[in-house]
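What follows is a set of notes on a single structure, which appears directly below.
A, B and C are the chain letters, set down in written order, and residue numbers restart from 1 in every chain.
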Amino acid sequence: MTPAPDKEAAKILSTNSIEVLYDNVMLAIKGVSIQVPKGGMVALLGSNGAGKSTTLKAISGLLKAERGRVSRGEISFEGTLITDLPAQQRVEMGICHVIEGRRVFEHLTPDENLDAAAPMSMTRATLNAEKQKIYEYFPRLAERKNSQAGYLSGGEQQMLAIGRALMTQPRLLMLDEPSLGLAPFLVAEIFNIIKKINKVHGLSVLLVEQNALAALEIVSDGYLIENGRVVMHDTAQALKSNSDIQEFYLGGGSATNFHDIKHYSRRKRWLS
Amino acid sequence: MFYRLSGVHHASYMSDSRLYKIPADRNLALFFLALGLAAPFLFGSLYLNSYVLPWLVWTAAALGLNMVTGWAGQLHLGYAAVMAVGAYSAVHAAKFGVPWEFALLIGGISASVIGSLFAFAALRVKGLYLALTTLAMQFVMDWVLTHSPTISGGSHASLQAPTFALLGQKITSDTGLYYVAFGWCLLVTIFMLNLRRTGLGRALVAVREKDYAAAVLGVNSFYYKFVAFATSSFIGGVSGAILVATFFFLAAPEQFSVAVSIQALAMIIVGGLGSIIGTYFGVALILLMPSIVNGIVAGGASTLGLKLNVESLAHIPNAVYGALIIIILMIEPLGLGKLYGNIRDYLILWPFDQLKK
Amino acid sequence: MELAFLAELTANGALTGLLYSLFAIGLVLIYKASSVPNLAQGALTMVGAYLVLALARDAGLPLWAAIPLAAVAMFGLGMGIERVALRRLAGRPIVMILMMTLGIDIFLRGTTLAIWGGTSRSFDLGVSSDPLFLGDILISRINLVGAAAAVLLFVVFVMFFRTRLGTRLRAIADDYMASWSVGISVERGVGLSWGLASIVAVAAGIIWGEIQGVDQSLSLLLLKGLTVAVLGGLDSIFGAMLAGLILGIVENVGSTYLDPLVGGGSRDLIVAAVLILTVMVRPHGLFGRHDIERV
């Protein structure tokens, strides 16, 4: 299926069958093509080790820090090829990656965390205004802005990580497992805020989640990744009603015997 | 080309754990063994005793350090102190009238005892902190040596070693001393070559890679760290004693100063951590380089008609020595042994490169 | 009398200790940013002192011009060392990184001495060598100047780390990956810390060069500086200041009472003992951070 030209123009990010090699030997993803529409929200779903995080790192350029590289395919952001650009330049272009595990700067205060992420070219006044905006989104952070970030709760740290990413003025925000290890009500709160930022500012979001149920509630599209390949791509609605997805990622579903499972895995192989 | 092996063809575990898996390696080793034995008849006594002999003794010592740092992964910046303990106790024992065979043994054992003190530090900390502790211990040892006349030999701080003798035979000839050094180096090399085929060698490597993972597998990492320090200190102690007995002829504190510890570490890193052949290369480069550079600089200056002052001449080899370490670490952090390995791997398949993979 | 003597020992020890801190700040800066223990800091200090001397004596510049010029040159040298030698070793085992800094140490010392020779020279900063009397206590003027310089530098760095650039450096010290993810150039930050440490080396070189003469012995400050840095926690500048005070006092008082017993020269022994004890008892020092573990 070839997308219509006007649809192509509306993409903020697209990857064209990228492959990623770690240490020049380990092929982590084998031809992933995804597209994020401008102002849209897209989820990458899949199990552990499927290659979701690697895909995000390939897009943000953080692969290099882990001795990985994109060995085939290309990534374009707003029509520019960014496959080989350094991470720093991609951040300047407007891609920001909230890495897995809420890696806040532990020994800095939340306020300083936000300062550190702001580009050096930003004036002091803009910086303060931007910080104010983030504190409005996350009032919990405002309350604790002068305590040490390492001692914040998990939810607060995740909010800080997202807020810190917003300080770089991104046009595409990539979130890696924001719900990891958080209580369900916090997940809902964070997802609501992400949705709100997406709506108000038209910020495009690429979300990696294992918590497929929560993710499919807020995104418009979803990609399912298995063994380093995209095996399914559909709208969130269609994915939610797909029986295989229900069975394996949403819990519940109807298949209760081995026959159905075998049927699924055979199809998966065919797809990949 | 020389090696002619296209692929691995082991059919049994016995063949896989052989010392030399490729006949060419064995032939090469035999060639160098023969060369070593014949050296006194090939080189003039000046070259033999001022270059080849210290090279061999230092190689033995560096192999001991490589065991603890390269194999067991424990940083050691106080190796010269351990060598000093061996050297001083052996010389004192020999002065006391103990035959040299036993004096060397006493030197080795007392070095081993003191070296085990370093191991206690290793049981508690690792990495940078171990390096700093061993460095501090080296300073303490330096201090003890320079501040206790009974050990260092009175006002001149030098201790004359009695004439070396084995089995009651006094050894004074250049050839005889050379064979002593050669024999010791051979012994240590054979020990090290076989070490990696034994359970001990494998346990040391396991401790290096991840000590707590090794512990989970049932490797008592404390015990093996201890064994590594004790054994390497024994080798270092005896090497120190032989160095004094066959090369310096008198023991002085500055022969075992902190700079010498750093030099020993440089030898094994330039040579390659955990590489035996690399240790030979590394020692050769670090030990022989200053005199070569001196020759080149002096020669170059005189042909160009430049007049360098004495001080510059004295310090240029140091600068080159430092630059050498920097450059080798930049080009190949795994050292000369790895470079040799790369060449060997290439030649094994040459000219059938396509067999790779 | 005895008490006044002890007070004098303590006061002078504290001042000398702050001079060790001055040296140790350089070590801390680099360790903080990149976890590299810079064993070449002693050599850098020596190069800094020689450079100032060369500019002031040989090129005839006044000191007020020679010192900033040397600082700029050393900033470049530090950045260059990081760029050329250390960056490519990132992620390698610590033994190779240590050896690299040792190689740099040997290289810098050899080159400096080959160029300028090893005879001891001095600056003549214009600080009188007559001691200062504070009541009954005699205090060396140059030590006082040096200690003031150390405190000043400490304040400057505390203020620097509160600026946006300084905050970024602290962020780098916390987490490389997270820094990259928000567009902070870790490489440039680490380079900057080497540059700053080299400027600190110039300051330490001038003060120590004035005290003991500009020669090879300047590089021997490394052991004392390392001890101070480790005791302070390796990545805390405040820790380095406090540890300097402690080491200076312990060393000065201790050696006075110990020297007659062991026949002199017990200073180095005390320093080595403090280093060993610190590592054995409290490896992360007084203010070193152990990573925050939240339950």
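In this section, contacts are C-beta pairs under 8 Å (C-beta built on N, C-alpha and C of every residue); 3 or more make two chains touch, one makes a residue touch a chain.
Source: prediction; values computed, not measured.
**Student:** What clusters of chains are still held together by touching when chain C is ignored?
**Tutor:** Chain C out, touching clusters read A | B.
**Student:** Per the contact rule at the top, check every chain pair and give me the one with the most C-beta pairs in contact.
**Tutor:** Contact tally peaks for the chain pair B-C.
**Student:** With chain centres defined as C-alpha means, what is the inter-centre distance between chain B and chain C in Å?
**Tutor:** 33
**Student:** Could you grab the centroid distance between chain A and chain C? Build each centroid from C-alpha atoms only and quote it in angstrom.
**Tutor:** Those two chain centres are 44 Å apart.
**Student:** Averaged over CA atoms, how far is the centre of chain A from the centre of chain B? Could you give it in whole Å?
**Tutor:** Distance between chain centres: 53 Å.
**Student:** Could you tell me which residues belong to chain B and also touch two or more other chains?
**Tutor:** Not one residue in chain B touches at least two other chains.
**Student:** Which residues of chain B touch chain C in their complex?
**Tutor:** Contact set of chain B toward chain C: 69, 73, 75, 121, 124-125, 127-129, 131-133, 135-137, 139-140, 143, 146-147, 262, 265-266, 269, 273, 309, 311-312, 314-326, 329-330, 333.
**Student:** List the residues on chain C that touch chain B in their complex, please.
**Tutor:** 37, 84-85, 88-89, 92-96, 98-100, 102-111, 113-115, 117-119, 223, 226-227, 230, 262-265, 268-269, 271-273, 275-276, 279-280, 283
**Student:** Under the stated contact criterion, what part of chain C meets chain A in this complex?
**Tutor:** 164-165, 167-168, 170-171, 173-185, 289, 291-292, 294
**Student:** Within their complex, state which residues of chain A touch chain C.
**Tutor:** Residue list for chain A touching chain C: 60-62, 65, 87-88, 91-92, 96-99, 103-108, 112-113, 115-120, 148, 150-151, 161, 164-165, 167-168.
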